[in-house]
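As written, the chains take the letters A, B, C and D, and residue 1 is the first residue of each chain.
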Amino acid sequence: MTQDDLRVTTLGERRVPSPVEHRLFTPDNARVLLEVDSVEGAEPSALGSAATDAKPLAAAPLMFEKAGPREHVYFDPRKSKAAVVTCGGLCPGLNNVIRHLYFALRDGYGVPTVYGVRNGYLGLTPEAPQPPMELTADWVEAIHHQGGTMLGTSRGHQDPAVMVETLVQLGVNLFFPVGGDGTQRGAHAIAKEAARRGVDLAIVGIPKTIDNDILYCFQTFGFVSAVTEAERVIDRAHVEAKSVPRGVGLVKLMGRNAGFIAAGATVASGEVNFCLVPEHPFELEGPRGFLAKLERRLEARGHAVIVVAEGAGQGLMDGLDPTAVDASGNRRLGDIGLLLKERISSYFDGIGKPVGMKYFDPSYYIRSVQANATDSLLTERFARQAAHAAMAGKTDLFVGYWNGRIVHVPLAASVGKPRHMAPESELWSAVQSITGQMRW
Amino acid sequence: MTQDDLRVTTLGERRVPSPVEHRLFTPDNARVLLEVDSVEGAEPSALGSAATDAKPLAAAPLMFEKAGPREHVYFDPRKSKAAVVTCGGLCPGLNNVIRHLYFALRDGYGVPTVYGVRNGYLGLTPEAPQPPMELTADWVEAIHHQGGTMLGTSRGHQDPAVMVETLVQLGVNLFFPVGGDGTQRGAHAIAKEAARRGVDLAIVGIPKTIDNDILYCFQTFGFVSAVTEAERVIDRAHVEAKSVPRGVGLVKLMGRNAGFIAAGATVASGEVNFCLVPEHPFELEGPRGFLAKLERRLEARGHAVIVVAEGAGQGLMDGLDPTAVDASGNRRLGDIGLLLKERISSYFDGIGKPVGMKYFDPSYYIRSVQANATDSLLTERFARQAAHAAMAGKTDLFVGYWNGRIVHVPLAASVGKPRHMAPESELWSAVQSITGQMRW
Amino acid sequence: MTQDDLRVTTLGERRVPSPVEHRLFTPDNARVLLEVDSVEGAEPSALGSAATDAKPLAAAPLMFEKAGPREHVYFDPRKSKAAVVTCGGLCPGLNNVIRHLYFALRDGYGVPTVYGVRNGYLGLTPEAPQPPMELTADWVEAIHHQGGTMLGTSRGHQDPAVMVETLVQLGVNLFFPVGGDGTQRGAHAIAKEAARRGVDLAIVGIPKTIDNDILYCFQTFGFVSAVTEAERVIDRAHVEAKSVPRGVGLVKLMGRNAGFIAAGATVASGEVNFCLVPEHPFELEGPRGFLAKLERRLEARGHAVIVVAEGAGQGLMDGLDPTAVDASGNRRLGDIGLLLKERISSYFDGIGKPVGMKYFDPSYYIRSVQANATDSLLTERFARQAAHAAMAGKTDLFVGYWNGRIVHVPLAASVGKPRHMAPESELWSAVQSITGQMRW
Amino acid sequence: MTQDDLRVTTLGERRVPSPVEHRLFTPDNARVLLEVDSVEGAEPSALGSAATDAKPLAAAPLMFEKAGPREHVYFDPRKSKAAVVTCGGLCPGLNNVIRHLYFALRDGYGVPTVYGVRNGYLGLTPEAPQPPMELTADWVEAIHHQGGTMLGTSRGHQDPAVMVETLVQLGVNLFFPVGGDGTQRGAHAIAKEAARRGVDLAIVGIPKTIDNDILYCFQTFGFVSAVTEAERVIDRAHVEAKSVPRGVGLVKLMGRNAGFIAAGATVASGEVNFCLVPEHPFELEGPRGFLAKLERRLEARGHAVIVVAEGAGQGLMDGLDPTAVDASGNRRLGDIGLLLKERISSYFDGIGKPVGMKYFDPSYYIRSVQANATDSLLTERFARQAAHAAMAGKTDLFVGYWNGRIVHVPLAASVGKPRHMAPESELWSAVQSITGQMRW
């Protein structure tokens, strides 16, 4: 990657003085370093296996454009129309994003019209179940006290030409798609189509993924709320497991490609003995296999709590079609939770030491909760900075969260590159320490 | 400040192979950049008032030592004894820190003895109400489900010579003081005394401040839990204010020198109309004074929610002795909550438009709660990295949290330099946007 | 009291067949016994001091009219208009009551118009800040997720003639005042005025009191939600008290004339050592005084948690005008919380054993919370049965909750007769057992 | 049933003066009426279909013995030993019961030894995984902050002779089995065996059932906590269902034979459109079948929330062996949740209108939570009154909760007679009103 890959597209020159009241502007050449890790001296010292991030500081290190209100903006706020759309699976904080965007645009800039597109990208097509609605202060006032999205959502691909046409018909010049990798891919297609047609439309995505697996988003909104709910489920699995002889609490959590929720909830809870994630394949059988480890744990401590991410252990599934996909184009997964439940029960039945199996599949429960304070704060930052970026005429980007700053990430630099939990990361290291799962 | 100020003291050469199982070591010359903000080009572009952090990258930027397990450690774990002490006011996560330290030392390194010092530094003196206790797995097992500190705490200064003597008598070589600026000052004095006496004692502080005002700690544990509780209080103040004609919900929150809790809860809640913090003095009277603004708000909207940090508006107090201090050496504050309550009521009585005043002073309520998931995760990082640092023979430092990494901060570089919420910070900017308090 | 005092006023003959779908009707002569306690044999056995309720069953025991849907109703639902008003202090569940009333009337009976009167009885006068609003399904849909009352409230007396006139102008024939003793007194006055004018208006009150002190309401909605919040405050006071040497956690709770919240939270928490209520005067000084007891407790156990209801210990106040009243006609109380805080601190300072005083005054915090499941269930019962009673032409009553049933209580039989926590009640007995406060 | 069936067995004459401090004793002939419903006049008025409870007051109505402290007790407290055991599935409040029993016996009566039997009745046999432990104040101090039972539990029948022998060996004279119908059956067998052997042993059961289906227990502890958790799941199902076109939120809840949790959570939530319970069989197919109703609802409103108790719709299962039972002797159930999930999806796929199916099976999640305030208060009553009953030498009974009072229920009068939700009950009527499920 080069610095050019991180260069943000701008619609044109900023001439309109910003009406933002508090006048604390960010210069347009402000930047945020991509890398904060380095070493002292020419080389990492010997034998640090976590040393991948540790290398001497480059002469011209890569930098992101820093988000923030600009002193002059591209669009005349009073003549602007904005639209926000929420796509894909639910995530705590969607209503906060809608609410904060509305207030940032209307109170901050005086934008007179903010549309809410209903039911995801589908709402920008003739098949829309409901037309876009004009948001009002009354309507957004208390929506952050509810989970989900008051605008509705949907999955699946829509034709960018159709969507651009709808936006043009509505007179929208500021467009905010809130969604995950597929949604941002769609946003990129919309931006290209708008450019092709010469439409003066700023597209600023807001990344959303309960799985926390978007590149250049150190933490996505909703993640901590989901971890909080997952932690509660784990605590109850622990209560159940401890209450019976040879009790096993087995919890399946979200995480198709990345184990962040499973790992985060494991560390937050402190009660988990085995944490299984997509990033780390494992065996069931054999003396170093999972079942033998579990047997040793149960022998020693009388109960066990297991957390498994839905995308873990896919290699253990027989007859799974690895090319099958769902409506959003995501790979179909086998149900690792049920597989583990059955394999554990039959293994211990087989050796004459049946377990007290307590299986928890909270499924959507952990994602449909209202955003907590952490996520509420994060949504405010994403939404406000997205409003600033769009008003400044930036486009074809999303607002990322990197090294503690909100930054402008060109969509082309992130989409299609999911983030994983690195084996050498502090989080995975914490999982190892706390579970002691290598020990058995 | 120079790079030498960030140089960490080490007791001696690391020769003992680390027993840590997962073998993902951090090289000892790994570093973390102090600054991540920069500009593209030679200068910040004109007129960015938030430009203080935006300057060209230095040729040799300042760097912190990066925390992490070292492949060789200084102390022989099997011959080590550790002690942890919690000092000062309560903060969500203290029990988590104790628990994680215990497991990191005992399970991670095999340290056979971990003492819990009772009632703060007082517990290291002959006046101790209770002697240090030897922690056990049973005792720490479920303590993270409770707020406060199971070891007890106290305020005030103790003689470093006496404390070092107690630690020597106990045979402690790894010492973890958990506390705020005063506590870390004490830790620095202990480290100096230990060095003077030639005692082989690693002092690794863990910063604790509900007010989030410690330098080089981007976020301290307990802060978000407190903000969460504060947000709840604000939501109820909003409910009360809306329910009566001319309702005023007034909430006093913690924050002696820094308004982080008030600001964080204001943004998280989204229901606050005025947020008053120590960093921004304000007037009550006059056409631009607070009371006139409140009058305009009430006229326009019929109700108002006000959040005030306890350290705000101290200039408004008559007859306050600015030199008075409490047992911890903190400045005595006048009660700005009660003053506002009375001044608001009498002002509106005076103009014949009495308000429905609902005053909330949650006081200790917001700090004695159990740590939430965010803080639980953060305590694990602080505690584990503190254990690694001490085992590696690092001393006279605390574990800071900077640019998303845990770093080693020499005590001399931080103590006595409280952190404030900068006027140009994103948080204060968010407060301005959300409250619209400049608008009235 | 005689059976005639429990006789309910009816506007006229019920001729209209009820449209309620599930057709499970309650006969109009269904009754609920007032007393369920009795004795076997002619007399209570000797020496049972709780024997006040234990007496032989009367030949003709007193009975309440039982609430429930009647097969024929008095009003034609399609020609009816209803109005609901919420008065006095906030209480968890007010929004649930509004929502359930709306659905019971509109979906259950097909009543086309349900008004929400704004800001209490004030909203039925020419001084109303806002006119009555017509409720809609959209408006009530999610209000039960918020505390307070979306209709607003107010305190104070209004002229019944004016209010009846407003109701007549609106065409209202079903009127539901939700409020405490003062509100029900007002409802009784409205009912008398309506009868005097010959207006065909059913007045069915719904009792509301956070203090749980309404006669013939075994439990009022909101009480348990408030106790839950109060319990949390107590738990935190316990955390604070335990954390410092000689720590005292002092919690002031609502309860002007009755100590139900203080007692309920004391028992629910299980962490309280002294519970002080209006029903039981106490002394501060002397060897059997509260301060000496507290001294003995602190000597023995090192910390103490004290709960005091706001109406307790009023006899200890100097210079309190016992005739002073507030806008709702309630007696003005001295601040027993602050008095105790100061007296405790100075007493222990005086004997050279200063305490670590942690004072909690949650005030409105415990009443502005959303209703919990218990209260949500209770509000549904009150609201639905109130709708049935009004449709049946019953008037000048409120729906009470007695012996597990919802009953019709003539207003004249309850208003002005506050309920207290009897010394021999199981609740007060539980307080004694759990605190052991008689023991010191 | 006759009054003799409600007569309580007593071990012998009470001669020992009670040491209970607050001296508010209940006379031994105090009684509580079984029925509180009646009619005025000779007959219920015509056509009240809920009239089953409405009948003229009997000359000699049935009465329960009223629980409470007796002035003289049978056992000498100082020479007594007590034991508590928790059996069967988890239920919120078990730890509260243990804690309150311990304090009632030790602090209230001065009983020096209270054993905790581990892992249910299994802990009273030679196969016990762990021996009974002697409870201490430290051990019970904070257990009520955790869900589950710190003593562990188990399912299944044990030999009464073996259990009595273990109790005799331990010297126990006060025995408190906490559990459901199976457990109380076991308690009855133990009482008979003890009587046969002439052992001076008081057996006082404490009823426990998350399903709320024990006769003469109007409400069991843990029920409301479970409803609260279930309500949360329903609210999230509602959030999910509303968010997508034709969204269906399907929630399976506990309730093998009785639908109390499903009904309670339905009413508390207010967001449910169909509530399916064991008491009301239903059809899937046909114009009045469930699927057609659901189709009409989705057509009209675009989304639906369905709650189903696990014991509902068992008649719809093919090939289910109606005689199969589990370890506790409970009938094996088919999985109605999965069946509905599949049948709904295939039905709507079949008519070309696929639904967005969101399935929630919270399973153990709702029962392993900590007790809330309501249940905490209830456990205190059960535990304290059980201690009083046992000290008074009452045996072969459990403490019931009837008409707002705690009463002594002879085990023979209740076991084997599960309680159901009556069709004419107020709760089921509320379900009908709120869901409007008869309407589609």
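Here, a residue touches a chain if its C-beta (ideal position, glycine included) is under 8 Å from a C-beta of that chain, and two chains touch if they have at least 3 such contacts.
To keep track of the chains, here are their UniProt names: A, B, C, D = Pyrophosphate--fructose 6-phosphate 1-phosphotransferase.
This structure is a prediction, so every number in the text was calculated from the model and none was measured.
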Chain whose average C-alpha position is farthest from chain D's own: B
Homomeric contact chain A-chain B: same or different residue positions, threshold half: same
Where chain A and chain C are represented by their mean Cα positions, the distance between them in whole Å: 46
Inter-centroid spacing, chain D versus chain C (mean Cα positions, whole Å): 28
Chain A: positions in contact with at least two other chains: 146
Chain D contact footprint on chain C (complex, rising order): 20-33, 36-41, 44-51, 54, 57, 61, 63, 66, 68-69, 71, 96, 99-100, 103-104, 107-108, 144, 218, 224, 227-228, 231, 264-265, 267-270, 372-374, 376-377, 380-381, 384, 403-406, 423-424, 426, 429-430, 432-434, 436, 438-439
Chain D residues touching chain B - in the complex, by the definition given at the top: 142, 145-146
Interfacial residue positions of chain D with respect to chain A in the complex: 90, 119, 122, 129, 146-149, 152-154, 233, 235-237, 239-240, 242-245, 302, 358-365, 368-369
